[in-house]
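Below, chain A partners chain B and then partners chain C, in two separate complexes.
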Partner chain A sequence: MKISKTEVEKLAKLAKLSFSDEELERFTAEFDEIIAFADTINQSIEGGTEQIRSVGARMVSFDDLRPDEVVPSLPNEKILSNVEGYNGFFGLERSKK
Partner chain B sequence: MNYEIVCGIETHIELATKTKIFCGCTTEFGGEPNTHCCPVCTGQPGSLPILNQKVVEYAIKAGLALNCKINTKSHMDRKNYVYPDLPKAYQISQYDEPLCEKGYIELDSGKRIGITRIHIEEDAGKLVHENGYTYIDYNRSGVPLIEIVSEPDISSAEEAREYAEKLQLIMRYIGISDCKMQEGSMRCDVNLSLRKPGDSRFGVRTEIKNINSLSFIQKAVMAEAERQADILDAGGTVVQQTMRYDEATNSVSPMRDKENSDDYRYFPDPDILRFSINDEKVEEIRASLPELPFDKLKRYVNVLGLPEATARQIFRYRKVAEFFEGALAEGASVKNAANLIVGTIFSNMDTEEEKELFDIRISAAQFAALVKLADEKKINIGVAQSTLQKMLESGKPVEEFIKPEDLAGISDEELESLCKEAIDANPKAVADVRSGKDKAINVMFGYIMKKTGGKADIRKAEVLLRKLIGQ
Partner chain C sequence: MRTGISELAKRLQSREISAMELTKAYIGAIEKLNPTINAYVYLTFDTAMKAAEKADQRLKEGGAPLLCGIPMALKDNICTDGLNTTCCSKILKGFKPYYDATVWEKLKAHGAVLLGKTNMDEFAMGSTSETSCYGAPLNPRNTNYVTGGSSGGSAAAVCANLAVYSLGSDTGGSIRQPASFCGVVGLKPTYGAVSRYGLIAYGSSLDQIGPMTNSVKDAAIVFDAIKGGDRRDQTSVDYDYGSSLAECLDRDVKGMRIGVAEEFFDGINPEIKSKIEEAIKLFERNGAVIENIRLPALKLALPVYYIIACAEASSNLGRYDGIRYGYRTSSYTSIEDMIVKTRSEGFGDEVKRRIMLGTYVLSSGYYDAYYKKACLIREEINREFDAVFEKCDVLVAPTAPNTAFPLNYKGAGPVEMYLSDICTVPVNIAGVPAISVPCGEDSNGLPVGMQIIGKKFDEATVLQAAHFYEQSAGEVIGVYEGGARI
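Moving on, here comes the complex of A and B:
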């Protein structure tokens, strides 16, 4: 499977990121290599990825799910410790359309 | 209008669990911004979501109450889009293996509106836009939602409203959500297209987002159908787009588009294991369902013998129905209990919200004690009403207002002598009754009630009076 530069551009747009033409060329090549690697894994499994999901993947039962019990949340200053907070909020300058 | 409406509704309902869908943070509404948060619900790298059991249970409950097939194997998917209310840049949702599928809601006409699917997902955070800045509060991020998707079976504004109303009532009854549209715990998106009658193809559809009241659903469907009809009549084509309903102007207009918002690139979330629910568990959840609202309505009418209008007023509020049935369990009669609830208790409640909340100061047992006095004719209905009003205002039991001596009742002898007195005191009324002006008998009723403080049995009095007057 090959990825086109147009597809990489579309992904960048969906992620609201912008890149130079050189970057897009480089990413297209790198994406290609990553996809080729995944394809190799895929081909080595009889039945493809669907097979992995239906047979190989572990499943949990209802009883193993998390009970609905409240645990303390983090303090606000901890939550905001990597950013500049605004009265307890995360804040960002509104993007210009 | 020369067109047929083809409409489906997607409904998001916030589940009333204690904790969020993938972490133990509280779902409590409000709170200071970003204080109900942890690494999971703020999407910190390396954090791992763990699915809340109650969310799965509640979604299955919703599915069973809406006649769905339950998928006993299910998994979570990532729905990718970039927006600041979503800290991970993807929402954990379900795509091709939703928990419930293929149900229906039956309208009063007997028509069934199909339910395509019900899936579980996380809510996003809240954005506040102010002074050129966007402020983000992730308290709501990770609050569990179910999305209920209907088939495009709805063909009028009235059906759209009835569908949403019934859905809301059923969800409230099974206790999985308070479904308050104004507060956002139930939100509807309406998909709508038009086609010529008899045409089997669908027209181009639009989606009206986030409608927050039942009456707005009805109005929005009407407004959008008219807008599309005008375009088609003028020979134009409807553009597929996302719309907003403005209640102030009762009109529908296009929303600013999220870029490529439908390119979500769903894939199974590798952080969350696929899960299974065995049939016994499903049956256990089914057994935990209460009597559903429309079964209750039928029972009130067919078994209890309530007039449909009265039954409808009681069944539509879960707490009122519980109070009513609690009183019956204490021995109150159906008719007096129902009439006192609808006539007296409801007269103290002006809004739907108050009836829904049904926050009153007396218990069903205290209410039943009063109703039984009326049932046994120890007090008449007028006294029952005024006493109930006093009980509601004070929160005190019936004994505070009606003493045992008040309940001695009027013996048949006493009543007969009172009737004679009433006749002697009102010769003109007696003559009127004899000459065919039957309403004049009310004068004698008034006399007897006044003398007994309302305690006389008016039906007995009527029989006696008529006998004595010679009618």
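Moving on, here comes the complex of A and C:
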């Protein structure tokens, strides 16, 4: 399967990433190779409509969930400690006039 | 032979040495070697000395746990309250978490002394640790070679004796492969055996924290301290291991059923293959029963792993938007523009590749063909492992198809690098435990690693088999002599 630059750009938009023209060129070539590698799962085992269970799902019994209790959460000043806060909120520059 | 945790604990408890003296010695070694090795990306010497002082107080009072006063290191994706945790990514540079990961909380309660945070591939995505935004750590066994990855700094720190032990994380081999490349021991516990609360997520159905040490016994001691369920990680299980695994290591392998699957040996470097075969013969000479088994679905393990891990990564890394923490672009015209620019400037190429692959396999029209199919094949791989463990107690395999790569080795491109994870990813897909133990050297003097894989929550047998091998072959292969060779 050959992936086009337009498809890579569309994916980038979904992933909230952007590429310069030079990056896009390189990335499209690499991505083509990566998709060909991912395609190797279609080698021999045919997927059916069988129920998907992940390893995690199997480890946790849904009959045994903990009660939905309110527990103490972190204080605002701690949560805001990694960015410039504004009156207890996350601050951003004004981007609309 | 490097002094192990039990011996150090004995000396600390008898007050032959103090935790402060021991910590100072490690700080001195780090100051001397870290500028070359680059194992640590963030040093916490002040907090280490304070922790050592507290440990000394506790040791003086008596009854302190084994890990009290022992200097150690944490991979840079394990959250430490108030101390930098960046996943070696520009997007998290300067990030100081406001809570401790459960594993760190537990080790702190044991009196652990944290020397610093260790280098790694950005967001644990890589096999060489070269995608770190701080530059690659160097392999202490030969500084022209990589440490492996993604827990490369944790492996290098232990190998060069810049920490007594470290913690790494393993999503597709990130503890075991660097352990193999640096000639140390690395244990990936069963999925669910150790809480991942506070581990910065990559592939949540695969990620697991585990110890990296100089001996199997040390790995068992650290695992004993960090294992257990946690209400803050709903995938963790409070499994009853019965007793301390470190105290049950002395068991011979007589009658132990050891499985050998030919699929693990396809395309392996012949030197590595012959080392593992020698080890299998050693087990056999000592009474183990060798079973030749088949795991046919293993040939699909690599694409299954990359599809599932990247799908989960694309979702997990959606949180880096520049709003709540980490890097934020300097100029933007709208919130959307800010998020896209922040992510594009903050993430490195490998992370972008994996986010893009994850986005692709989850996108409408491709979900069934890739993600759903990968989940179905994952079930098949699980079934195969379950069936094999009806007949075997453990499996023995190489940890990696090759020894350490030279620095800056790019191979034929990203896919060739992905292929080097062939021996380790099936273990994460199946959620079973596995250890990598040193198994001699290749003709270039680079360490070879042997992997011992066990049943879910049967770390005990995995550790016993590894300990037996280490005790029986350790003197011959001599990998514990010296560690760093620089």
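For the reader, a short list of remarks on this structure follows.
Here is the rule we go by: the second predicted complex is superposed on the first by the 64 of 97 C-alpha atoms of A that agree within 3 Å, B and C clash if a C-alpha of one lies under 4 Å from a C-alpha of the other, contacts with A are read in each partner's own complex, and residues count from 1 in each chain.
The rule we apply is simple: a contact is a pair of C-beta atoms (placed from the backbone, for glycine too) under 8 Å apart; a residue touches a chain by one contact, two chains touch by 3 or more.
From a predicted model like this one, the values you see are computed outputs, not experimental measurements.
The larger set of touched chain A residues comes from C, when the choice is between chain B and chain C.
Once the two complexes are laid over each other on the shared chain, residue contacts for A:E22 go to neither chain B nor chain C.
Within the superposed three-chain model, A:N42 lies in touch with chain C and out of touch with chain B [touch as defined at top]. When the two complexes are overlaid on their common chain A, residue A:F89 makes contact with chain B while staying clear of chain C.
After overlaying the two complexes on the shared chain, residue contacts for A:F62 are found with chain B alone; chain C is out of touch.
In the superposition on chain A, A:S73 makes contact with chain B only, not with chain C.
Judged by the document's definition of touching, chain A residues 14-16, 53, 59-60, 66, 74, 79, 90, 92-93 lie at the interface with chain B and also at the interface with chain C.
Residues of chain B that touch chain A in their complex: 17-19, 23-26, 32-39, 42, 50-57, 73, 80-82, 84, 89, 128-129, 132-138, 259-260, 263, 265, 268, 273-278, 281.
Per the touch definition, chain C reaches chain A in the complex via residues 94-96, 98-99, 191-192, 204-205, 231, 234-235, 237, 297, 299-300, 302-304, 306-307, 314, 318, 321, 323-326, 328, 332-341, 343-344, 347, 352-353, 355-357, 359-361, 363, 368-370, 372-380, 382, 413-415, 418, 429-431. Touching chain B in their complex are the following residues of chain A: 10, 13-16, 53, 57-71, 73-76, 79-80, 85-94. Within the complex formed with chain C, the residues of chain A that make contact are 8, 11-12, 14-19, 27, 30-31, 33-45, 47-48, 50, 52-56, 59-60, 66, 74, 78-79, 81-83, 90, 92-93, 95-96.
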